[in-house]
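Here come two complexes built around chain A, the first alongside chain B, the second alongside chain C.
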Partner chain A sequence: MALFLTQLMNGIGSGAVYASIALALVLVFRTTGILNFAQGEMALYSTYLVWFFTQRSVPVWIAILLAMIISFIGGAAIERILIRPVEQASPLVLVIVTIGMFLAINSIAQVQFGNDIKILPRAYPNKTWLPGGVQISSDTLVLVGVLLAECLILYLLLNRTRIGLAFRAVASNPESSRLVGVPVGRMLMLGWAMAAAIGALAGALVIAPVGLQGASMQEILVYSFAAAALGGFDSPLGAVVAGLIVGVAGTLTTQYLHAVHDIELVVPFGLILLVLLVRPSGLFGSRRVERV
Partner chain B sequence: MTDVRRGAGARRLRAAALGVAFALVVVACGSGRNDSTSTATTAPGGSTTPGSTTVIDASQCDPSTLTQGVTGDTIKIGTSLPLSGTYSAFNAILKGESSYFSYINSLGGVTVAGKKYKIQLVSKDDAYDAAKTSSNVDTLINSDKVFGLFNTVGTKNNLGVRETVNSDCVPDLLIASGAVQWGNMKYPFMLGSELVPYPDEMQVFVDYLKQNKPNAKIALLYANDDFGQSYRETLKDLVTNTSLSIVKEASYNAEGSEVKAQVTSLAASKADTFVLGGTLLACPNALTAAHDAGWRPVIYMSGTCVSKLLFTLGGDGADGVLSVTPLMDPGDPANASNAAVTLYKAQVKKYAPDADTADGIVAYGWSTGALLQKILEASPKLDRVSVMEAARTLKDVSGTGLQLSGSKWNTNKDDWFIGETFQLVKYNKAAGHTEKVGALTNLDGKTASLSPKSLLNS
Partner chain C sequence: MSALLEVSELRAGYGAVRVLQGIDFSVEAGEVVVILGANGAGKTTTLRAISGMIDATGQAVFVGRPIIGRRPEQIAAAGIAHVPQGRGTIVDLTVDDNLRIGAYQRRDSEIASDIDRWYTTFPRLKERHAQQAGSMSGGEQQMLAIARALMARPKLVLLDEPSLGLAPLITQELFRTLGELNRADGISMLIVEQNAGLALKLASRGYVLETGTIVISGSATDLAGNDDVRRAYLGI
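The block that comes next holds the complex of A and B.
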C-alpha cells in the first residue's frame, strides 16, 4: 500500500508539471486556436534565463520572477510579431509556424547558452518525508502547490476581473467582442504572455533537480500535449485533471504492468485513445457545434 | 606532387587486388569457408600492407579508396556524436579530443612512416539518433571523404553503420561504447575505445560483491536500448551459479532520463545492491531518487557516468557510489602534479576554455585523441588497412593521455578489446572526486570469454 501511495505521489509530482504546461497550451488554444508546439521550448528558454541570472548572483526566486516577467513580455511579442501576421492562415500554416519556433528556440538556446548540462540552483531545499512508509518529497509538494496557485490566480483573473471578462469574451467570440470595443489583439497577446510565464515557472521548478540541457522539455511537452488532448484543448480544468491522470498512469504502469514496463507511454496514450474515441473533444472539452 | 605516383600506385594496387581476389576464390573453393584471416596474409600485395597482415582481410576492399582522406600533410578524420538532445552532454568528448588534435597539430602533427601529418577532425551532430548517425557517416565517407571514423558515440549508433564501414573498409576506430559487439570477428573494421567493456565492468563488480557481500540481492536499472541490454545480459550471465541474485529489474526510456518511478519500484524490492546500467542524466536522477527513497544499497554505476558534473548532480546520493575508469581522475588533487594531467589541463584550457578540465568526459576525449595518435604512428603506412591492422596489434601501450600508470593496453588477433585494464573507484562526495578501491584490475584478453556469446556475435 505504501508503495502504491509512493508511486501515486511520484505520478502526481510529474503530473503537476504536465498539467502546468498543458494549462499553458490551453490558454493559447483558447485565445488564438493554435496548438503551440513551441510551448515547451519557450519554457526551456525561460529556464536558461533563470540559469543566466543565477550565474550573476541573482537569488533564485528573484531570477525565476525576472524570467517570468521577461517570458510574459516575450510571449506577448511572439504573438504580436510571429503569430498575428498568419493568424487567418490555414491551421496547417500555424502548425508549421509553431514547429518552426520549436526548432528555432531550441537552437537559439543551445547556441546562446551552450550544449553542456547546466546545474540550476534549487529554489527550495530538497527534503523527503516518509510518513507510514509513503515517500513525499518537497519537489512534489512545491510542484503541486505551484499548480494550485496557478489555477487559483487564473480563476480569479478570468472570473473576477474586467480583463478576465474581456479575455473570455474574445475566447468565445472574437468578432462580437471587437464590435463591443474589446481590444481583441491585446487579449490574444495576454493569452500568449500568461502561457509563457506559466511555462517559465514550471520549467525552472521541474528542471532544477535534474539538470538543464537542450532536450529538457521535450519529453515533458509530449506528455503535456497528451494531457491537453485528454482534458480537452479548451478546458483549463481538463488540462489540470488530465495532466495528473497522465502522470499517475505513467508511474503506475512502471510499477505494476511488467508486460509493458519498457514502454510506459503505452498506458497513458491508450487511455487517451479510448477517451477520444468516446468523447472526441476530451474529458472536459466543449463540443463544437456548427449550424448547417 | 604525389599525384602521378599515387596514380601509378593505385593501378598497381588494383592489379594486385585482382590477383589476390582470384587467389582467394581458388583457396575458398578448395578449402571451404573457414579461416579467411590467414588466407589474407598476402592481401593487396606487399606494396600496401605490411608483410605480416594477420587480422584484417582486405581482399574485398577497393584499393583506390584505401588512402582516401589523406591529402598532402593532412589526415581528415570524421566523428558523429550527440551535440544536441538528451545526450548533448557528450559534446564534452569533442572538446577533449579537439583540444588534443589542436595541441598535437601545433607540434607539427602525427608522424606516420617518417612523415608528419596534421589531423583534421570533422564532427557531425547525430543527437544520439542511430538513423542520423548512419546518414552522418555516409556523408563523412562519401562527401567529406574522411580517412576513417573516430570516437563515434553510442552502441546502437555504431551497430547501425557496421555494414557500411566494413564493406567500404573504413576504419571505425575507438568507438565510444564498451559494448562487446566490437569483438565480433565478422566486422574487423570496428574497434572500441579505451572505455571499459561493459562485461568487464560487471565482472569486477561481481568480484567485489563476492568478497564484500557474497549474498547480495541485486536490483538492476538499465536503459531500454542496446547499451542498457549489455549490462543486463552480462550481469545475468555472471551471477549464475553464484550466491548472488538479481531480485528486481526495471528499464527506463533511453530517449529521456526520467527514472523516479523505476527507482521507487526497485527500492521497494529491499535489494541491498543496486546496479545502474544507464548513462548521463539518468545516473544522477537514479542516485537522487534512491537517496530520497531512504534506500542505501551498495551502488554500482556505469563507467560512462564517471564525470564530475554527473556526480555533483547526484548530490548526497552519489556519495560512496562505485564505478570503473581506465583513466586518472583529473579532479583528484593527488593527480594535480602529474605531468600528463598538467599538460592536459593546460592544453584544454587553451583550446577549449569553456570545458571543465576536472570532468572525466573531457579527459576521455583527450585520451582517446592521444590513443589515435599512437595507432597512426604504429602504422607502417598511411592506408586504411594498415592503420586498422596497427589498431588490432597494439602492444603494451602506456602513458596515453590520462591512462592510469601501470596500465597497458593490448590488442591482437584474438583480443579485440583495449580498455581491459582499469581501476575500480568510489566517489567521495566530501572530497569531490573519486578514490581508488583496491589495485588495478587487469582482464587483458578475457573480455570475449566474459561476454554472453549471444551478445558478442549479435
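The block that comes next holds the complex of A and C.
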C-alpha cells in the first residue's frame, strides 16, 4: 500500500508537469486553433535560458523569472511573425509550420548551447518526507504547488479582468470580438505568450533534477499531448485533471508492468487512441451547444 | 448639415471577385435607412466594408472622418456598431459577459448601469443573464446581439438581416423594439434586409441593391409603392 501511494505521489508530481504543458497547449489551441507541436521545444529553449543565466551567477529563481519574461515576449513574437501569416491556412499547413518550429528551435538550442548535458542548479532543496511510509519528495510538492498557482493566476486573469474577458471572447468568436473593437491579434499573441511562459516554468522545474539536453522535452510533450487530448483540447480544467491522470497512469505502469522496457510509453499513445475512439471531444471538452 | 455616414463609389469584394460595383448612399443622424436586395446582391458585403472587416475602395465618411482603410477596432471606436448576420453570438460567454464585451472600448463608470438599462428593454435577457449565450433561442440571441452593439453607445448601428431565421411574430416584436430605440434614443440605423415589408415600415429611406449596384433609391413610402420593389421584395 505504501508503495502504491508513493508511486501515486510520484505520478502526481510528473502529472503536474504534463498538466502545465497541456495547459499551454490548450491556451494556444483555444485562441489560434493550432496544435502546437513546438510547445515542448519552446520550453526546452526557455530552460536553456535559465541555465544560461545561472552560469552568469544569476540566482536560480531570478533566472527562471527572467526566462519566463523572455519566453512571454518570444511566444508573442512567434505568433506575430510565424503564425499570423499562415493563420488562415489549412490545418495541415499549420501542423507543418509547428513541426518546422519544433525542429528549428531544437537545432538552434543545440547550436547555441551545445549538446552536452547541462546541470541546472536546484531552485529548492531536495528533500523527502516519509509520512506513514509513503515517500513524498519536495519535487512533487513544488511541481504541484506551481501547477496550483498557475491555475489560480490563469483563473483570476481570465475571469476577473477586462483583458481576460476579451481573451475568452476571442477564443469563442473572433469575428464578433473584432466588431466590438477587441484587438484580436493582440489576444492571439497573449495566448502564445502565456503558453510560452508557463512552458518555461514547467521546463525549468522538471529538468533541474535530471539534466538538460536536446531531447529533454520530447517525452514530456508526448505525455502532455495525451493529457490535452484526454482533457479536451479546449478545456483548461480538462488539461489539468487529465495531466494528473496521465502522470499517475505512467508511474503505476512502470511500477507494476516493469517486465517490458519503456512499457510506460504505451500509456500516452493508448490514451490518445482511446479518447479518439470513445469521446473525441475529451473528458471536459465542449460539445458546443449552439442553436441557430 | 452633412450626413452621419456618407458613402460614395464604394467597391469591395472577396479576392478577385468584386461584389460591390461602386455604390453611393448616406445615413443622416437619427435616421433609419434600409438596403433591400436579394441573396448575393452585396448587402452583407456593404456592411462588412463599412465596418472594416473586408478591404474596400471608395469613400466612406463617418462624422466627418474617412473610415475606409481603417481597422475594425478603430471603426468601432469611432461609433459604428455592427450586428452581423447570424447574430454573432459569443456562444461560450454568458449573456452578462456578452454585454460587457460590447462595452470593451469604454472606460467610463456607467457600464453596469447601461447593462441594467438594456435588461429593462430586453427582459428575456435579464432572465437568462448567467446562461451561456449559445444556448438561447434565435430570437433571444438577436436581442442579445443588438443589446451588445448598443453597449458601445454607438452613433450608428449596422444590422445585417435581423429577421433571418426568426418566427414572424418574433420578427415583428424585434422591429417594434428597433423603432422604439430609434424614436426614444435617436439611434441611427442602417439595416439590410430581405423582409422588405417590415423594414420599409421602420425606415425613412431605402435603397435597392442588385448585383452590386444601387438600382432604386427613395423614401420608404416611395419604395413601398414602387411596382418593381413590390414585385421583387414584397411579393405583391
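Everything that follows uses one rule, which is that the second predicted complex is superposed on the first by the 274 of 292 C-alpha atoms of A that agree within 3 Å, B and C clash if a C-alpha of one lies under 4 Å from a C-alpha of the other, contacts with A are read in each partner's own complex, and residues count from 1 in each chain.
The rule we apply is simple: contacts are C-beta pairs under 8 Å (C-beta built on N, C-alpha and C of every residue); 3 or more make two chains touch, one makes a residue touch a chain.
Since we're looking at a predicted model, the values are computed, not measured.
Undergrad: Check whether A:236 is in contact with chain B, with chain C, with both or with neither, and answer first, second, both or neither.
TA: Neither partner.
Undergrad: Between chain B (first) and chain C (second), which, if any, makes contact with A:209: first, second, both or neither?
TA: So A:209 only meets chain B here.
Undergrad: Comparing chain C with chain B, which touches more residues belonging to chain A?
TA: More residues of chain A are touched by B.
Undergrad: Looking at A:11 after the superposition, I want to know if it touches chain B, chain C, both of them or none. Which is it: first, second, both, neither?
TA: first
Undergrad: Identify the partner contact of A:175: answer first if only chain B is touched, second if only chain C is, both if each is, neither if none is.
TA: second
Undergrad: Answer with first, second, both or neither: which of chain B and chain C does A:286 touch in the superposed model?
TA: second
Undergrad: Which chain A residues contact chain B in one complex and chain C in the other?
TA: In the superposed arrangement, which is not itself an observed complex, chain A uses no residue for both chain B and chain C.
Undergrad: Which residues of chain B touch chain A in the complex?
TA: 83-86, 88-89, 91-92, 224, 250-251, 253, 255-258, 260-262, 264-265, 268, 280-281, 284-285, 288, 292-294, 309, 312-313, 315, 354
Undergrad: Of all residues in chain A, which touch chain C in the complex?
TA: Answer in residue numbers: 162, 165-166, 168-169, 171-173, 175-183, 286, 288-292.
Undergrad: So in the complex, which bits of chain C are touching chain A?
TA: Listed in rising order, the residues are 51, 53, 72-73, 76-77, 81-82, 84, 86, 88-93, 97, 100-102, 104-105, 132, 134-138, 141, 148-149, 151-152, 165.
Undergrad: Using the touch rule from the top, collect the residues of chain A that touch chain B in their complex.
TA: 3, 6-7, 10-11, 13-14, 106-107, 110, 114-117, 119, 126, 128, 130, 135, 137, 209-211, 213-215, 218-219, 250-251, 254-255, 261-265
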